[in-house]
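Look at the two complexes coming up: subunit A is in both, with subunit B in one and subunit C in the other.
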Partner chain A sequence: MEIKTKDYHVNYDSETTTLLCKGSLRLSGMDEYAPIVQIFNQVADLEPSELKFNLKGLEFLNSSGINVLSKFVIKIRQKKHVSMIVQGSQQIPWQGKSLKNLKRLMPTLKLEWE
Partner chain B sequence: MAQLFGNFSEEPISSEEYLILGFSPSSIPLKQRWRNNGLSADFLGDYLTTFFPATDTHSNTIDRSAEIKSAVGYIANELLENAMKFNDEASQYPISIQLQLHSDRIVFRVTNSIPSQLVEKFQAYIQNLINEDPQEMYIEQLERNAEDDSNSSSGLGLLTMINDYMALLGWKFDTVKTEPDVIAVTTMVQLTV
Partner chain C sequence: MPTKTPTTEELLLENERLRQKLGILKREKADLEILLDTTTEHADAIEDELFVAREVAEEATRAKSEFLANMSHEIRTPLNGIIGMTSLLEDTEITREQQDYVNTIRTSGEVLLTLINDILDFSKIEAGKLELENKPFDLRVCVEESLDLLASHVAQKGLNIAYLIAENIPNIVVGDVTRLRQILINLVSNAVKFTPQGEILVEVTVHKMTQGAQKGESEHRNETARPDESFENGKQSFSAVKKGNLSTFPAEKGEPKHVYEYELHFSVKDTGIGIPTDRLNHIFQSFSQVDTSTTRKYGGTGLGLAICQRLCELMGGRIWAESVADKGSTFYFNIVTEGKPTQQYTYLYHNQPLLLGKRLLILSDNLTNRNILLKQANIWGMVTQTVVSMIEVFAYLRQGTRWDFAILETQSSVPEKVTLLEKLHNSHNPPLPLILLAPICQPRSDKQPVAACLSKPIKPAKLYEVLTDIEKTPTPTLAKVAIHQSGEDKSTHREKRRILLAEDNMINQKVTKLLLKQIGYNADIVCNGFEVLEALQRQTYDVILMDIQMPKMDGLAATRHIIEQWPAAQRPWIIALTANAMKGDREICLAAGMNDYMSKPLRKEYLANALSRAWLMVNG
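On to the complex of A and B.
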């Protein structure tokens, strides 16, 4: 479960149960995000008991991307036995502003900052 | 007769520091020009850091310059994406983004034409944005998007500007040509710096 382009890298490591999203994501809409959404859905279906969502290297995310991340969080919220840790970077300004909204969608989500 | 919504100011350019970029939608198709949204937005963000130099390079906290670059880059990108997506292709009317730097704020004005059949729905959406609690609207939109996969647009651009960047928004609708009618919408965003 991996997509790597010159702009972004999405990968799921089943050993560490870590979903990585890094680079710059500014795709034009749900159609373009579909391959990434497919990976996210596959990860959700695996239902790891503790899922780590590593966004520490996600430098840019447009609002369509925020939508994709939020939909994924809602999906995980619906899987009652999956806990989620979102790993963010204090050095990336948009994260400090927008990641807290994920906690509003899923109050049990843990936000860790590096 | 122009129609104004929200915090829209008609004042002429009073800032001595401004940039205007213009795009001709007909020169190349939307898919090809999509990458220019990011290029333009990043350029605008980077350009403005000259006026907000980095202060303490040893600090662990993000400095003001980096915050502004990021905020400008995000807002400009969203405004351009909206302008490109909702532009009335048939009108041949150019899209423009203008940035003005004031001592306490950065003002964005993006103008694009809009198909006349979309005007009513857009104005109704704007009224909601003005009257409802944007935080509630944001969460409601996310929950709605999660249930209904059919929309290609997330409807989150303007809401994130208000909620995450505390931006003030305003809109102007104008008929800029007749026979056939071409309606232009200018979205104005004020970001405190």
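On to the complex of A and C.
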């Protein structure tokens, strides 16, 4: 489960149960995000007991992108046996403001800052 | 059909189902609200980031511009020392070998200066920051000044240089005189560089496109010639003009009121090494030259033509070249401009009563110069005779031919064969006025039998001035007819001129003082704006050469104080003398109240010209 372009990298490591998003996600609308959503859905269906969502290298994310991330968090919340850890970076200004809202969607979600 | 009444149990189940559905909907509503908040706050965060990024980028651009300006200033300051001092050293008594070393230093300094200017220009063009001025200027003066700047290089290589300006050219056009001059200088200096022998010919023709506007009510034409007192390259800068519209032309009494749009065509033709056909398309690309061996042999960055191309495009035209290897090249460019026909140079295109029927001998072995002189003299109604050697002259003399003037083209304004000149001069009674046509006119001794000297390229207006001056003078002698250089200051006056040099850099002080000394002036020196004001309290000065960046009080502040404290009639003529050469610096200096502007490195000729302009204004 991996997509790698010159702008971004999305990858799921089943051994460490870590979903990685890196680079700059500025795709236009939900249609262009569909391949990424597909990976997210596959990960959700695997229902790992602990899912790490590594966003530390995600420099830029547009509005459609935050929508995709939020819906993924809702999906994980619905999996009662999956706990989620979102890893972010304080060095990236948008993460400090936007990631805290993911906790509102899933109160059990743990936020880890680099 | 009768409906079945639900049982209490069914109702309770339905109620429970709806309650659960309501819970889900509430949860989904809450999620949607959070999603909306998340998306909105995320958009805000991204906007903030973009805003900060824009500020950072703008700050970086400001810092870059400041860096470029500072770099330009810092590099020009020591270059002023190098070029100024080598120019002074060249005029001292040194051996031939030392002269060669000094030449190399001077050329290297000038190459470095050109490089800096090209790189600064190119970076401005690439950044889309190059803006053109839109002011009226005298096209003929622009062409002449451009060629004059290269006269010494042309003379050093023993080349001939000439120009032809079509009769129907609008004398005054609106545009950026500095940038047009830059294109011409670039093309002519390339021509000089790549021409080992022969000549360079610049031609200007015009195509009138449309009538732009009509000024005022009357179309009264004034047939009297007037000096160019209102224009950018004349005695005064025309500062009241507006940018970008037809009101750039001053509405003056007695001038034709029509403004037209013109396409001006320029060509610079040389007899040089030429460019292979397959390289012609590449020469306008940045950092591109004909080939690497060209770079090795002739130097340069390959930016000059790319800059010219962009400047032409900005002026609404284009540039191209035609060439034959080993035969020569012609560079063409055109620009679109507004222009106004004036009566200023009508005397160049009609019979002149003072010269009508006068017999003129033209001695020149250069066909172009002979033709230019012949055509011009014939227009004025003169009777001409052209020869290519002194032997022919004396053959005509023996046949009893007599002339009213003789123009003799020589390799130097101080010719070696003075005896022949004396013989020709004294062959007439009264003596025949001899006019030399030399690569560059130098001061001559009174012993030479020469009435005047004309520097190449031939300037018809100057030729007219010389001929009519001689004609008006009953017995022309050298003492009565000086070298024709506008605004020239007599040596006796020079000593009396009071010049104050405000400059904090000691090397620049030394260079400027020595350059002034070479052209016959003395100057008092102060180091900052405060000292300028103190010096003005002690005594009056005719001219202040004012550096801009000085400690304690800079040149702009000092100028503003002078404008406030001294009435216009008692104020000295202030010339900005600065290493700031970025666009807008000149305007800043003039806006502060300065009268003229010179960028460093200083050149003796520019300094002399600036002072000549000052004396014209100071003397009224």
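The rule we apply is simple: the second predicted complex is superposed on the first by the 114 of 114 C-alpha atoms of A that agree within 3 Å, B and C clash if a C-alpha of one lies under 4 Å from a C-alpha of the other, contacts with A are read in each partner's own complex, and residues count from 1 in each chain.
We adopt the following convention: contacts are C-beta pairs under 8 Å (C-beta built on N, C-alpha and C of every residue); 3 or more make two chains touch, one makes a residue touch a chain.
Predicted model only: the values in this text are computed from it and were never measured.
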Worksheet item: For the overlay on subunit A, clash or fit between subunit B and subunit C?
Response: clash
Discussion item. Output check: A:62 vs subunit B and subunit C. Expected answer is one of first, second, both, neither. What do you get?
Written reply: both
Worksheet item: Which partner, subunit B or subunit C, is in contact with more residues of subunit A?
Response: B
Item to complete: Go through the superposed model and pick first if A:74 touches only subunit B, second if only subunit C, both, or neither.
Response: both
Practice prompt. Go through the superposed model and pick first if A:35 touches only subunit B, second if only subunit C, both, or neither.
Written response: neither
Worksheet item: Who does A:91 touch here: subunit B (first), subunit C (second), both, or neither?
Response: first
Item to complete: Go through the superposed model and pick first if A:101 touches only subunit B, second if only subunit C, both, or neither.
Response: both
Worksheet entry | Among 42-50, 96-104 or 168-176 on subunit B, the segment whose C-alpha atoms clash with subunit C after superposition | 42-50
Worksheet item: Hey, what residues of subunit A end up touching subunit B and subunit C alike?
Response: 60, 62-63, 66-67, 70-71, 74, 93-94, 96-98, 101, 104-105
Worksheet entry | Touching residues (chain side subunit C, partner subunit A) in the complex | 31, 34-35, 37-39, 41-46, 48-49, 52
Worksheet, complete the sentence: Per the touch rule, the subunit A residues reaching subunit B in their complex are 24, 26, 28-31, 60, 62-64, 66-67, 70-71, 74-75, 90-94, 96-98, 101, 104-105
Response to the item:
subunit A partner, complex, touching residues on subunit B are 31, 34, 37-38, 60-62, 66-67, 69-71, 73-74, 77-78, 81, 85, 138-139, 142-143, 145-146, 149, 151-154, 156-157, 159-160, 163-165
Worksheet item: Along subunit A, where are the residues that touch subunit C in the complex?
Response: 60-63, 66-67, 70-71, 74, 93-94, 96-98, 101-102, 104-105
